[in-house]
């Protein structure tokens, strides 16, 4: 799978406002490598990037994993996600909500499908020494994405240390150390 | 892409009714070759097959195309579809609703993404001499599927010939010929 | 029933943006005779024509049938329809989705009511030698309408012949003949 | 328009649970003359009476008006209503919500259409000396109906008189008189 | 509870259009004493007043009751209400829809919670000789509010007397008396 | 505010399945002190506890804060929250989603109102030396609740340490220390 861009064609908002391209070039090509992301890259197509998705209630993401790469703990506040492994192997997991906090994990091979319910915290990991690729669809045109650590440690401005200390029950020194990473 | 089954793991209806399997075997494996389908095979996962999808508002399908194979004119009455080409090349198209009936077509390569708005008639075709594979997600747990020809010519019981004659403006003999094919 | 126009009064988008007319004249009067329609005329009121319907989730259509007239196979991608016979007699039918494709038909007299589920293909026919009239309401302010034959044979541009041949399993010559009618 | 019953055919909940009758007799025939109704009779079809309407989001009512008859002030808590005059003439009106309380009225002739937004108080009156008939569709399978006077004066048990006195700013004697009517 | 204003902070429409104030002053302070309200004052925050509530589907009201004060019969056309007593005691009630018109009443103490289903007519009364305060949340950003008496007697223009006479089955003189109060 | 239980009366699923209690006793009284919660106690009423809330789309929670108490970082996967301070003072904050991760904070006094958008991570803290009380309503009958730390460190079974290390960019030793606290 050499092509690392995502191309989205043929969208229209209902049947009257056309945004379709008429040539073979990609409408756009977003590849935002995140230096903090430990070994994965998420390329998302949603209604903010593509006005034609406005009324269709669906969006799409491609996730590239380096060997051993991780898409760390995160959630989508406005959408369920259905994920398919396109290349390689993925270990995936999600945690149910209070009061159970049950963790469900699975090792997915190429062609396997998995569903992450809306708003639940989840992750994916490539456990092998070769790259992996997954495609994800979400049932919202603007599902949103929240990385747990960026929210807790990397917000602008920072969350007060005492809130984090009492959230994670960790030393203030450890919390400050975490904040410096983001 | 040798594996031709679809495996769906890890579903749960909200966070309290668990239906997850705990072993590595696929929960189910549906491969319904349709003898009338001209060169394509659709394998669908929806909420009727998997109770856990009940409250998640999303479903999934894998479509395998033989060389030159076609997924003929059809629509989904309850869901938009986002399609990704996994292997090979696909020519896709959909037609907008009355009064425009605009046809939009595109040739998609591996990795390309396309969206079919809810309820609109569309098709996919593999124009090459090698197989193609696509994955599709729909933003409903029960999107439904309606093949135009099966509806018009293959219903049980058959639609009266005069309705079909006046729908398609074709000779009664042609209509009867079409009905015999389904 | 001599009056052949439809008049829609008294709409307002929520309770603050008023679009009400203050005189007795009709707000608009749409009568779009379709030369290709085999004996029926659909007059539709939806939110594109009437901004006040924008937030109300409902639309309306009047269908006039000549003796023997047919409203041919079609569907509404975004709405269920409830139909009432106002004058004369109507034979109606719809086909369920895959894999059953069950046809349900009924002969309706004046005053009878019938429901067509959202997105399913249906038709109406006046089997008598006198005109018939029906009123239809749909639970969407923009339900859309898709005539099967216009979509298959009459789009702009035309759908490739081989797609149609494999959709309907008919000869290329027959398909081209059908395309010339639209 | 001699037939005073309503017949509803052809319902099915999605495409798998069929409730269709196979003969020509009406599935049911509800005619509930309300002795307190001042000259009108509402015959409603909703999802409680017809399980097939469960997933279709639409319901239907026929309203028969005697000469001078009134369908008094009422509202539907869960649905917008689109009304068509089938026979005779109707004066209709609705009042917007706080703080405007604007009254919109219109005289409708046979064939005219009017929309009452969800939850707003409205009425219909036959101002002529011949009967009138209207058909109404609502965009909910269970829209509900609330007559203002039955709610205020005719509940079980009765609302305390002081609440009614302070609601309507009328004498306690008048309120008690009103309560005795219901 | 000396502070009689309501302050609403921190709203944002999704996560990209920020409307947050950055100082400690209240964003707004609405106190609309209604001279006709018999002893209660409703202060409502909804999406018309606060653009940030537009996509959040929730609104809020504070209700202050004088000793013996009443929030008279009213309904919200687009939202269920959950009410909490903050100070004092409240007698509350609502009436179900046709055909039952069941009245449910309850005496609530400080800290008690009660739910009024969407679109149903309800009231609150302070039965004690000290003030009472309640907070209400509604699951719509624009739930609307309709006072029964203002709708029936106080619309602009007035509803015709004969409609009111046949709605409430009261003398024309009484109806005109009621209309003069609003 | 001496009474520390929550009482919910008067619920009914639509207008026909009644679950109302007829006496003055509370329907239920849930007070689940969480030994790990750093100084706050959440008492939630939702549709799982009260069947009558099933169709009403709203739920309620009372939150009691000890002096200096914190309701630590958490989110509700299926609902926006509107919070009112009933007693004391609260410092509140929430973080927007990727890519901004903007933190919004505010100090709320008694009577102030704040909204937390659906699915976003937020917290509340009592900064004073006296107790504080807040009431929260959510626009879902089953909004769910996810504490960040319980999800990351306290799930059953535990999330693999390497996932947490790469999520929070902290030492494995620190992560294991965090896991032991939950």
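In order of appearance the chains are A, B, C, D, E and F, and numbering begins at 1 in each one.
In the analysis below, contacts are C-beta pairs under 8 Å (C-beta built on N, C-alpha and C of every residue); 3 or more make two chains touch, one makes a residue touch a chain.
Just so it is clear, the structure is predicted and the values come from calculations on it, not from any experiment.
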Most remote chain, CA-based centroid, reference being subunit C: F
Cα superposition angle of subunit C on its copy subunit D, in degrees to the nearest 5: 180
Centre-of-Cα separation between subunit F and subunit A, whole angstrom: 25
Distance between chain centroids, defined by C-alpha means - subunit B, subunit F (Å): 42
Shared-contact residues (touching 2 or more other chains) in subunit F: 14-16, 97, 100, 102, 117-118, 120, 144
Contact footprint of subunit D on subunit C as seen in their complex: 1, 3-12, 14-16, 18, 20, 24, 45, 52-53, 55-60, 62, 80-82, 84, 86, 92, 94, 96-97, 100, 102, 104, 106-118, 120, 135, 137-140
In the complex, subunit F residues that touch subunit A: 36, 38-39, 70, 72-73, 75-78, 93, 95, 97-98, 100-103, 117-121, 123, 125, 144-159, 162-164, 166-170, 174, 177-178, 181-182
